[in-house]
Amino acid sequence: MSSMMGNKIKISVFGQSHSKAIGVVIDGLPAGKKIDMEKVMAFMSRRAPGRNAYSTKRFEADKPEILSGLVNDITCGAPLCMVIYNENQKSADYNNIMDTPRPSHADYSAYIKHNGFNDVSGGGHFSGRLTAPLCFAGAVCMQILEDMGVSVQAHILSIKNIKDDKFNPINVENYNIEKKEIPVINDNKGEQMKAEIEKAKLMGDSVGGVIECAVTGIKAGFGEPMFDGIENQLARNIFGIPAVKGIEFGNGFEATTLYGSENNDEFCIENGEIKTKTNNAGGINGGITNGMPILFNVAIKPTPSIAKIQDSISLKYKTEKELEITGRHDPCIVPRAVPVVEAVAAITILDIIL
Amino acid sequence: MSSMMGNKIKISVFGQSHSKAIGVVIDGLPAGKKIDMEKVMAFMSRRAPGRNAYSTKRFEADKPEILSGLVNDITCGAPLCMVIYNENQKSADYNNIMDTPRPSHADYSAYIKHNGFNDVSGGGHFSGRLTAPLCFAGAVCMQILEDMGVSVQAHILSIKNIKDDKFNPINVENYNIEKKEIPVINDNKGEQMKAEIEKAKLMGDSVGGVIECAVTGIKAGFGEPMFDGIENQLARNIFGIPAVKGIEFGNGFEATTLYGSENNDEFCIENGEIKTKTNNAGGINGGITNGMPILFNVAIKPTPSIAKIQDSISLKYKTEKELEITGRHDPCIVPRAVPVVEAVAAITILDIIL
Amino acid sequence: MSSMMGNKIKISVFGQSHSKAIGVVIDGLPAGKKIDMEKVMAFMSRRAPGRNAYSTKRFEADKPEILSGLVNDITCGAPLCMVIYNENQKSADYNNIMDTPRPSHADYSAYIKHNGFNDVSGGGHFSGRLTAPLCFAGAVCMQILEDMGVSVQAHILSIKNIKDDKFNPINVENYNIEKKEIPVINDNKGEQMKAEIEKAKLMGDSVGGVIECAVTGIKAGFGEPMFDGIENQLARNIFGIPAVKGIEFGNGFEATTLYGSENNDEFCIENGEIKTKTNNAGGINGGITNGMPILFNVAIKPTPSIAKIQDSISLKYKTEKELEITGRHDPCIVPRAVPVVEAVAAITILDIIL
Amino acid sequence: MSSMMGNKIKISVFGQSHSKAIGVVIDGLPAGKKIDMEKVMAFMSRRAPGRNAYSTKRFEADKPEILSGLVNDITCGAPLCMVIYNENQKSADYNNIMDTPRPSHADYSAYIKHNGFNDVSGGGHFSGRLTAPLCFAGAVCMQILEDMGVSVQAHILSIKNIKDDKFNPINVENYNIEKKEIPVINDNKGEQMKAEIEKAKLMGDSVGGVIECAVTGIKAGFGEPMFDGIENQLARNIFGIPAVKGIEFGNGFEATTLYGSENNDEFCIENGEIKTKTNNAGGINGGITNGMPILFNVAIKPTPSIAKIQDSISLKYKTEKELEITGRHDPCIVPRAVPVVEAVAAITILDIIL
């Protein structure tokens, strides 16, 4: 298994950047759920390129075509398959990298794994373009979750050293970030991030950032001990998003600098319900939800495709060689990665609570 | 599935802190491998309590008893089952927490999940004691990995704000940390950490830290795209260790503060071999090894069991209530968690490369 | 998981009889394998309808369209997705069965499972039409198996009470049955079977039969003990073919009427190689191949769609009601099921030996 | 994975015939279920040897020891581990077969798979003795099923050519066979079977038979389409029982000799409930239960261990060689296999309906 995930809700992602189509099969959706395709499209458009000044201007229509699994927009229990046909692929752009792997891309490791038969064009199956089907699957799962009172929401927590406010860990409201050009809580910080991205772009460079994600409305008692806890499953799936290099739950790495007495979430009774006063655990103890919002942060590295000339090698001759990456590339993929993180979280959580 | 993991090497962990025994079944070990039981014991003793001044003094003999899978200490292809009989359990210590969950333990979430039937005594199946069988399985897998030229090594990267040196990411030597009381590279830092732990102990408090782990000798081309990459599988399994709240690969969260040009690992040729000049990616691109050392950091939260009185609640009466945790507890589990991280890494990597 | 199978070679089948398209994702194919699409088409045509007098005349172009996974007809390591667009669906034919389930079809059990939201039209996801993508996947896997010296071959062993000759269990040659209208070894028996099918058709009735399948060229030592043996995995997957109601390995049920001394396969040395003199075990001992041909028989029930009026019920009113199934249906699906059995065997065996 | 099965209820079987112990881990049992250990013991004793004249007289105490997962005989949600210590192993009996594989045992295929390191003694991990832990797990699952109104019952349908009556497929009552020496419906047939077994024993030979199993009380709508249907999962797991060579559901292979009009199960209304008039489908359509009893038959080959001298080979010298199997062996394992079939059915069904 590689491009599949899940136990009850099973996702199979396929396609390469420049193959005829990309898409996803979703197996295990409960039957009888009406899918609002307009909401799906709206969700997918948050990931789509060309939405703002600094994202790639390549044409990407990304019209999802449903091949199976829906009857009159209602799930029928059969696997739902969605495809997006690729158009206007400029494979020519990638001729030079067939022999010269791009630093910090998967070109080299895939070349070794697949004995040189990997589809290098546009990054092949490793392309960020494969997150479009993930967003589709996430949008579908999110609608089913909403019926269950569960919602998923993410925002940019930081771009380089500029930090947005955090979600209120005790009570995550609706921050209405999905319509913003830069999905942040604090718009001033959003403007600074924009400037930082613009600066990187002008330098022919790129920047990364951190995304904070919250799942609210999930009751206590979900998840399994040890290897099938909420953290295990979210971590496994979130690392399926290209460019992710770290994940932490609750206060994560920061917890290692606190005393136990500072980090522990003491219990209290609020309106007759058992709650914790703080939520440093990010809603999870022993892999199992405790009823507080699930909170996690995801580290997105700076886009490896940069305009600057870099040192690489010739695979054929095993000699050193400079590489110049041409074509347009996002100087920062973090804003577009926000709905992708939400999507993978939604798929994972639905898989767990079904 | 919950306490099981793996595809080729399949681990099934069982036992509760105070059940008759704890243990592990390892299914899928290649036949014909001689297991050096003395080395296994030596490895397990690194996790054992009572090794230093600040670790719990409870008696834990931890003698592994092999029930199956070995013939004359050689794997025979049948599942290897190992058990450790629990002795001298003091279940009485835990009577008060049956109704009063300990903050930031799994008591409450497990109570909800299991409708109050969870074995609360000693933390039950969520106890750190279950890492003993994990260490056993890891020690076995490590010996098989060594035959393949792969080695796994971890050290404490930080305790609270005191930081050890990092592994050389390009060339991880043998740092011989396994025999140290505090497994660090820089012994001065180790002394400071010890003082920090001692201080927390005196305060009736606890501290956490970060563990850095390296896997060396692994060739390029292992791992799968998307959801079955090295990062996905390591992350999923490492979160199976109690108290882990974060994982990052290579420079992880720090990468989000760098420019792409700083973070990218440029290629070079070294002695005719393709290498990268830096190893910010932690040896993994697109989920697949690139031949450089695999590097990752694990965040361990401060021990939730502290001597200070904490606010909790009565599960029965849904009223607020103070809780005093009695018995001896480690003010810092990070030193004992170092071999556990190595063990889980070894099991995971062996599972991937078989 | 439901319409997915496999561990290394992972198949995800999607589509309904009358959905926009049907298809399959094949994940895990080794990279660098040239796929001969003409051979794939030839294989698929063996399953296609309208090939002979008694099979349904519905138009089914079944042109496989490759969306991903191949670059210049060579596998690139990314998931291979193939779709077949459905044309000329006559959904109107199925209006009456929405409330009146067809006996021995999945209409009723799927109605209950999916709360009435199942796609009943043409049998939906349960339709025999879904075996077209299975044949595609099988044809691809078979080409990779052939490179490894493994071949898969099936024939009709019986239709109703008419029995074909059996494969020579010790040495299964190439019987060249794939081009026959009725894929049998003994053509006289084939003519009798044809007459039997014709007779059933005239009566508005249907017949079933048994398919014998052989896998040759597979070395000893493949498979796992207990639950992941060759028999377990073949059985699990073969029951994924609609209308299969039984499977037996080697002499199967007949073995229960023999003495041990008759049924045991004694060993011998032949040209320096260890063989068995008989092959009653069908090439498998303890779930593991012994180097002899793998042999198994599959029971295919008579087509449940018959022209005769049958007793059914109204789901809405819970009253008894007669049902007349209109439209054209195969009086016997066994001939078309022969390549499907080969396909599933090929996928399963490739999954095991990779 | 090999000696593991299941999705929600996960079973991990370990041990060899002559290892220190054999046992099983059951992961995923719901918490709060009282397990009646006396009933478990009574169930296990049905499989135990020495129960009648013709079964092996080897001493097998088979006292299950619970290591974890129960608190006061109530499941606590943690994995339940049970071990049986092996006593009085006579490994010496097996010295001669280390080089001379027994026909139709797994000795040879396991030797190849494990490069000669397999534990040959007593059949190692392939021994019928490993069905004792399966029976334990089945007995536990059966108690949970009973709380849900589901029961599992099997009997000997045939020994060699002597056939017992069949269950009433429409309405499977309690046939009270569990206390019989020969678990059959028709005791006259039981006497004839006994004579047949006795005859085989005197000849130094063995006989096999067919077991019929019924699962009653299961509602319509369980199971998944295609590869995760009831038939797929039962078949996969039942082939985990040593000596099983075939499985058929409902009238299985017999269906292939009937017309569709004879084989189809027409619907009717009975006391306001939807039923089928016949149950040729064995309660399953499209992999999904239809509310009728689940019925299946299992083919058990004659015991491969016979007293007669047989032809074998020397693995070392690759020469032909006669083999005489010494020690006591059951001339027929079918009676003892009856509870094993029930056990595996119970585990599988519980896994599906949870």
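Here are some notes:
Which chain is which? They are A, B, C and D, in the order written, and residues in each are numbered from 1.
Here, contacts are C-beta pairs under 8 Å (C-beta built on N, C-alpha and C of every residue); 3 or more make two chains touch, one makes a residue touch a chain.
All figures in this text were calculated on a predicted structure; none of them were measured in a lab.
Note on connectivity: the fewest chain-to-chain touch steps from subunit A to subunit C number 1. Of all chains, the one whose mean C-alpha position sits at the greatest distance from that of subunit B is C.
Work out the mean CA point of subunit A and of subunit B, and you get 27 Å between them. Inter-chain spacing, taken between the CA centroids of subunit B and subunit C, is 46 Å. Mean C-alpha position of subunit B lies 39 Å from that of subunit D.
Each of the following residues of subunit A touches two or more other chains: 1-4, 7, 13, 77-78, 110, 113, 125, 225.
Against subunit D, the residues of subunit B that register as touching in their complex are 1-4, 7, 10, 12-16, 19-23, 25, 27-28, 31-32, 65-69, 71, 74-81, 83, 110, 113-119, 121, 124-125. Subunit A makes touch with subunit B in their complex at residues 1-5, 13, 101, 103-110, 112-113, 125-126, 130, 158-161, 200, 203, 205-210, 219-229, 231-233, 235-237, 239-240, 242, 244-253, 255-269, 272, 274, 276-277, 280-282, 284-291, 297, 299-306, 308, 310-313, 315, 318-320. Contact residues on subunit C toward subunit B in their complex (touch as defined above): 7, 77-78, 225.
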